[in-house]
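We call the chains A, B, C, D, E and F, going by the order they appear; numbering starts again at 1 in every chain.
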Amino acid sequence: MSGIAEEIKASVMGAEPVEVSYPEKGYHCALETSPDKLPDIVRLFDEKRFYLECLLCTDYTDYLELVYLFNTHLSPCRVKVTLKVDPQQPVAPSMSSIYASAYWYEREIHEFYGVLFTGHPNMTYLFLHNDIHDYPLRKGKVPVPPEDKERLDSFKPGEQEDTFFINLGPQHPSTHGVLRVVLKMDGEYIEQAEPVLGYLHRMHEKMAENRSYQQFLPNTGRMDYLGPMSFNLGYVLAVERLCAISVPDRAIFVRIIATELNRICSHLLWVGAYLADLGALTPFLFVFDDREQIQDVLEGITGSRLTYCYFRFGGLYNDVDDQFIAGTKAFVKRMWGRFSLYEKLVTGNVIFVNRTKGIGTITGEQARKYGVAGPVLRSAGIACDLRKVESYSAYNEMEFNIPVGEHGDALDTYKIRIAEMENSLRIIEQALAKLPGGPFMAEKVPKKLKPPRGDIYQVVETPRGELGIYIVSDESDRPLRMKWRVPSFSNLMIFPELARGMLLADAVAILGSLDLVIPEIDR
Amino acid sequence: MGERGFHLEKEIIPVKFAMVEKVLDLARANSLWPVTFGLACCAIEMMSTSMSRFDIDRFGAGVFRASPRQADFMIVTGTVTKKMAPVLTTLYEQMPSPKWVIAMGNCAISGGPFVFEGQYNIVEGVDLLVPVDVYVPGCPPRPEALLEGLLKLEEKITGTRRFPRVESA
Amino acid sequence: MTPGEWIFIGVITATMAGTLAAVLSGSLIYAMFGLVTAMFGMAGIYIYLNAPFLAMMQILIYVGAISILIAFAIMLAGPMYRRPKEWTTLAKFAAALAVALVSLLLLLKVVIGATHNASEAKPLVVTTQELGRIFLDRLTLPFELVSLLIVVSIIGAIMLALFSKGEK
Amino acid sequence: MIYGFIKGTASLIAGLGVTIRAFFQPVVTSQYPRELLTISPRFRGHTRLLVDPENPEKNKCTACGICVKSCPSGSIKKVEGEKKEGEKKKTATEYLLDFTTCSQCGICVEVCPFDALDFSHAYNSAGYKREDFHYDLVKELMRNRVQ
Amino acid sequence: MVNELLNMASSDAGKMVLGLIGVLVFVVVNALLLTWAERKVAGHMQRRIGPKEVGPFGLIQPIADAIKLLGKEILTPAKVDKPLYYLAPVLIFVPVLVSFIVIPFDASLQVTDINVGILVILAFSSISVLSILMAGWGSENKYSLIGAVRSVAQNIAYEIPLLLALLPVIMLANSLSLKEIVEKQEGLWFVVIQPLAFIIYFIASVAETNRTPFDLPEAESELVAGYHTEYSGMRFALFFLAEYTNIFIVSAIAATFFLGGYQGPLLPGIVWFLLKSYFLVFVIMWLRWTYPRVRFDQLLNFAWKGLIPLAFVNLIITGGLLKI
Amino acid sequence: MTGNLLYNNLQLYLFIALFLLGCGLLGVIYRRTLIGMLISMELIMNGAGLNLVALNSFSAQGNAYGIAFTLFIMGIAAAEAAIALGIIIAVFRRFGHIEGGEIKEMKG
């Protein structure tokens, strides 16, 4: 870990990396740089096989700060590289030629902050609609210049007469929500795929700046409605880290149980929805039958079926009861018996295997360039599960393995998700066995949180992969900036590359295998 | 874009033949095909409603059509953003009348928890875009609530309620 | 006239209309549907000529296979967005009109003079057994040749398609 | 290849076995208007006011307004109370909740210093108007008590 | 021939008209029943009930659906190629009606027995492809068009094994007339002699009717609703009815060719015939609610590299054995 | 069964055959695209087939050679369609269009 600081110092002239306390900040090393040195530094990270975890912007009114977060997959070494940008004429060099994921993050920052990235191949808008007047995330009103408005909604298919476009979405059965993918077709083959986002942009990051830490809690459950517990957990962990709140053991274990139940729930839905994409509807209904059991159990403690808001800073909303424990045990028992059914109905099915084998193959190098996360990353053979690699809560006390794929294709992601469900069941069993008594809420949690000045980056492993929450506090009761690095967004980035040259049906299969949740991408 | 949906007439036959109309209404009420249109969280609960536990197909409303041309009503499940609004109205206009809309979930009804001062991307209620017949509140509503909404819609079409009423406090 | 005659008039009208559509129509897909109509008309005519087996084969081969192959070619060749349009020149139209007019005159002459040149069609239906016997008895060589031709042409078509794909 | 073919066929038959078994198994459907599922006691419907155990004519809300401030989405539009003769605290006379913007997060219930709020179990509400869900919780409480 | 047909028509005019009316009624009732059955079968395979509240066991459900579709606004999208768009749903019913004319429901229950009966069915079944093509092309919708293209390719590919699988039976029965083929199975169903042909025919017929796992022309998750995306109301209902009638027809042909048609002990012939046909229909539904959809190239490969060679081999062996 | 029925008239059939032939020729000459030409070719073949069948059933009763040869024609037509499809696809891939008159080099 400390090595990287030395190496940067040695390789890049004038760079002054600072090592920071990982438990406090969530990253190991910070480095401030200037636009001319940035490409060298980024290239260095690329050589050292880091991946670009996140690229974000913060408006400090006096200046805009671009934050590049780099990390390695297996032994976490997170480096924060910052770059100050003039708010009047925000310009920065584009890193999209080095990291493919930067292509997307830079577009996002461009439309929310107005930062122009020189050398970016396609500086058009991704999320926003046409009648936007001000840059949404800038402090104070910074109007969108008129020439920028032409960049809005730039992708208009069908203008050229000699190309054949298909709009997959926004209302399309296979996009699971309101993603729009514009496909340029050659017969049944895809020449180019271009996702168009923002059909469900619900301004979560803007809202975070407008309300207190507590009031933002319900939003976390609505970003990723399939794995709300993980988002809940990530958020409370981040704020607890920021405010140095300790959590009683019972709460930690209940959090693990609830999160893992939710993970199973999410993976189950994915299995069903994926099979529905491939044309088989019955598994969809079977998985919902299992899901209902989980939802019953979770409704018993949280009071809602889907968009949970159960964790609180320092503990839980309310304690679990015997009914919950009995229900969970019953579910675990039932679920162990269900895998053979899915094996017969889905996993072994020759049609299913032929549809998914060799489709959407991701290599480890691609996964790194795009910052792919979760089961998709693990299908490429990289055993990166943040529950193990960057353990949080009490996951280091749990025994489970990290399933990895051999080929990186859609079939591998399927197998990994099934194996993860089994792992989650094991974790639940262990957590139930270890579940201690005692309070479920820390004693001294102030009603109004005013964290100390500073920033923090907290990661958790959601069902879809790495969720990173970056919070900047300015000592007020609401965050200065809250950035959500969401797994579906980075997984979607790779889709155009995977879909190129594939059949339309394969594109649907690939899109399904990425397990996208659109509100999470759009935020 | 506010008023676009409203001038569409519900009735297609100017002269009403009472008996025929009644039979038609009965048929329509019992064969409501929704368009597959999921927006956000509530879409999952809409799926739940059509799944084994709740089985919306019992009322003949289980035929989810992906093409709006073949659907009778639209369940708006979730937040409608300004970018989505034109798509939604297009979809509504593509449906052949008579057609209905159920606004499911608080986001669809009023923008829900995403309404705040200075918001720039949410349509505050789908009834600003298309006429809404039944509102099902909740965040998200339980599947029972959607079923209740469906029954309310049937009630609206036929004028009578065939099913027992369920009171809850 | 008897009902049979009325139907017959309908059948030949359909044939001719289909033929004209197939030749003159501006869009290829309409031409194809014209061909289909003409082929159905032909099948009807074959029934009037006491060859029901032939009529069915006509539909099976021309409608079921050839016109679908043509439709396939239209869709493959013309990228989907661009409907291949045929260029209808005035000269072509005039020529077609001339052909049609001359034919109509001939038709009128035939219909008027029908009575005094009548030869009778024997109401004998050629059975499939009989056809099979002819094929395998007297016409073995042509039969085999046609089979060979079809095989060669299928292989040729596949080769052409594969070869041109490689070139791309 | 032949082994693969046989395996494939076997997998297809296994799949058919699963569905046909399900075909003869009992259904798991709960027929909503005719059979009702038991709703969990912690189910979060819209919020409701609680009756003061000391005085069943009164609700526990004192119109302090903490819930109004803490609500993330500003769903609690107005809380008015008046102080009656001989009582220490105010009692709510009007508690307007716009349920259509609520996210059922439970923060209002949590912050209430008098534990006057609770979740109702209205799990199947549906109506013809947006305004049907602008509740006056005081009136709702009265209505439910009469029933 | 014509005179024969005409004579027959005039002498048995009553029978012919009755038969035609019967066919029409049967087509409608059968299709409605099958839509109900499909939803019921699907429901129970997914451990739910399916239509229930509309009429006893939900039996009124398809009627409600039909009335509702009739009462829908007749909507013609502005961009469509009108002649093709209008004709397609009508044309799709031609092969359906023609096929019913020659299928023997019972020894005496057949509208007319044509000596090239099976050829009639096969010849006219190609019209349904054409009408799908017209629907897809005329709708001016990319999804429809892709659906149509897929449908055409699929039908070319699967018509061949379908024919090749029927040929051994024709050789065994020595006739093209459906009734004679049934009569020949007095003692032994052809499925016993020709199990491979039966399986090939069944797979090919599932593909011909565009059912899962071969439902590519209307693959919902890819093409929204395929070739009938732009159709609504009654026109859509016609496609829907035709689809279900086609399922019945292919099952009926399979029953006639391989399962002895109306032959069977104790029960009247028609009951046996319907039992066999509906059993095959059930199997087709069963397949649909179990399997995912195959991919386009896999579908074609399966036909060209799997079914067609297999059917040829089967045909040659049958021919050889017959000669010996 | 008398000769004066309209459909018992050989000339009429021959005329239809002639019409098909004429239209087919016209199409082959005037059609711009290869597919159009293919359609016209099919018409010509049909004309020939009709001739054979008509003459068979009017003048050569008692055998079925005419019908047999028409079946041959159908086989040839099918083969021709298959090969033409292959050529059309090849031409389209090579030249990007299917307009017969525009194809200058025929080297493939």
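One rule holds in what follows: contacts are C-beta pairs under 8 Å (C-beta built on N, C-alpha and C of every residue); 3 or more make two chains touch, one makes a residue touch a chain.
Just so we're clear, the structure is a prediction, and the values are computed from it rather than from any experiment.
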Problem - For chain B, the least number of touch steps when starting out from chain A - result: 1
Completion exercise
Contact tally winner between D-E and C-E is C-E
Practice task
Specify the chain with the shortest distance from its C-alpha centroid to the centroid of every protein C-alpha atom present.
Solution key: B
Practice task
Would you mind checking which chain's C-alpha centre is most distant from the centre of chain F?
Solution key: D
Problem - Inter-centroid spacing, chain D versus chain B (mean Cα positions, whole Å) - result: 21
Completion exercise
Rounded to the nearest Å, the gap separating the Cα centres of chain C and chain F is 6
Problem - Inter-chain centre distance, chain E versus chain F - centres from mean C-alpha coordinates, in Å - result: 31
Practice task
Determine the centre-to-centre distance between chain C and chain D, using the mean Cα coordinates as centres, and give it in whole Å.
Solution key: 70
Fill in the blank from the handout: Touching at least 2 other chains, the residues of chain C are 2, 4, 8, 48, 50-51, 53, 57, 65, 69, 72, 76, 80, 123
Problem - Where chain D touches two or more other chains at once, by residue number - result: 12, 15, 18-19, 22, 27-29, 31, 72-73, 103-104
Completion exercise
The positions of chain E in contact with two or more other chains are 2-3, 43, 45-49, 52, 142, 146, 149, 220, 224, 289-291
Handout entry: Of all residues in chain B, those that touch chain D in their complex
Key = 52-55, 58, 106, 109-116, 125, 127, 133-139, 141-149, 151-152, 156, 163-166, 168-169
Problem - chain B partner contacts - residues on chain D that touch it in the complex - result: 27-34, 36-37, 39, 45-46, 72-74, 98-104, 120-130, 132-133, 144
Completion exercise
chain C partner, complex, touching residues on chain E are 1-6, 84, 114-116, 119-120, 122-127, 129-130, 133-134, 137, 142, 145-146, 148-149, 152-153, 155-156, 159, 176
Handout entry: chain F residues touching chain C - in the complex, by the definition given at the top
Key = 1-13, 15-16, 18-20, 22-24, 26-27, 30-33, 35-36, 38-40, 42-43, 46, 49-50, 53-54, 56-59, 61-65, 67-72, 74-90, 92-94, 98
Practice task
Would you pull the chain D residues touching chain E in the complex into a rising list?
Solution key: 12, 15-16, 18-20, 22-29, 31
